[in-house]
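Every chain is named by a letter (A, B, C and D) in the order it is written, and numbering of its residues begins at 1.
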């Protein structure tokens, strides 16, 4: 199975369908069943105590799995998140970008399963692990 | 075990520690080990196709469990989310508020487990289920 | 939607397809989108320290969601577990039966989501919460 | 941090505390924060349709994370499973052993998080992913 949308095309498509998120996520790499996405951390992502909020990490994982599915299936893919789980293991550094390494563990006819390891730039162990299942509606 | 912070005091405290979220969440009811929180749905929570985004539902569940812990332990509680899971079962209506019914299934010395059922106002079956574990650091 | 298999018929069917589990699970009640299943706790379910093992609780939840789906869809249902999550909140009593209250939060065309609260007989708060997603293959 | 119990010592210890599971699990490799455990598949693990049951895969993941924690902390470790999640992605082959690659993503003072990829011997993509959080009670 081959990548059918590359980083630039994916970025343009995301800007088109999520204009309100423009600039929030940077697609750094796209490969078969895998993408890397950066989230430049901004004031609105922070929590008291100087850490990145859980919902911000969730949003990064959610968009990363969606991008990984799009990269393989193309813009007709209408995947919707159905379930998932997360472990927030360490406090991300307050003003370091988050880097999300996402891998599709399964890309079936009906379900896709993606797993994300999220890193705080400059720190070795992952700060979070998130897995998501996406349902892929039948092509129209 | 008794509720130690009521809805009004909890709201003021949240505005103080999360000023950027002022108005995003309305605490509607507080009881022993249970809270109800409303999220007035706004343009920024929406996704193409006219539905509320997964990250918005996650944020609602996250703040609801946090409020439920605060209500029982008071403002000294420094709980942090450590893990959780979610099922997104139905598409929320686009412009209906979300209502989150959160129940603490456990409030231990070290860990609290909360479960949230999220409803799209006016629709009977829940749109999402989210559970979260919070770690409670030892009191200073 | 109506129940199409009642407790007795479900029990016979389980004995037929899982003969090795005969007697492990007792279907106590069947209702629309909900079942109650008892697991008589035996020596082989125990862990050092006199508690019921996690895998035994998982097995109880797994069979309960499966029974709840069968009760609604009938024996043609070929549902398979695709994902799920669990919180083990309290130590079950060593020699008390486990009671599992399972509710289908969703029974769609493709996916079913069930949630189980597991109780140690005679103790009020639940000992575990488990949710499971089952994929329902298209009818043959 | 160093491994404090090697495979042979871990096996003897497991046989001692879980005599009923003797022979069910074979510890194949132990490294810092990582173990590999094999489950020789037997008749009792199978499901109709010739596949390994979900509870059998859960049990393998559960024991693997426990072994990984013991390997690092020693036999005084009294870790108990508190929560987790799983994705069952593919049907394991009926009579192939399962191989579980477990990695500790976190080994904190209070919580350990382990993640397992489970393989059906001879098949490349993983059949399941399981993560588990263990609570580590304070040393006595």
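Criterion: a contact is a pair of C-beta atoms (placed from the backbone, for glycine too) under 8 Å apart; a residue touches a chain by one contact, two chains touch by 3 or more.
Bear in mind that the values here come from a model prediction, so they are computed numbers and not experimental data.
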item: Reference chain A; chain at largest CA-centroid distance; value: C
item: More contacts between chains, A-B or B-C; value: A-B
item: Distance from chain C to chain B - Cα centre to Cα centre, in angstrom; value: 28
item: Whole-Å separation of chain centres (CA-atom averages), chain A against chain B; value: 23
item: Shared interface positions of chain A, touching two or more other chains; value: 82-85, 87, 89, 113, 133
item: Residues of chain A that touch chain D when the two form their complex; value: 84-85, 87, 89-90, 105-106, 113, 115, 125-126, 129, 131, 133
item: Sites on chain A touched by chain C in the complex; value: 82-83, 85, 110-111, 113, 133, 135
item: Contact footprint of chain A on chain B as seen in their complex; value: 17-18, 20, 43-44, 47-48, 53-55, 58-59, 62, 80-89, 91
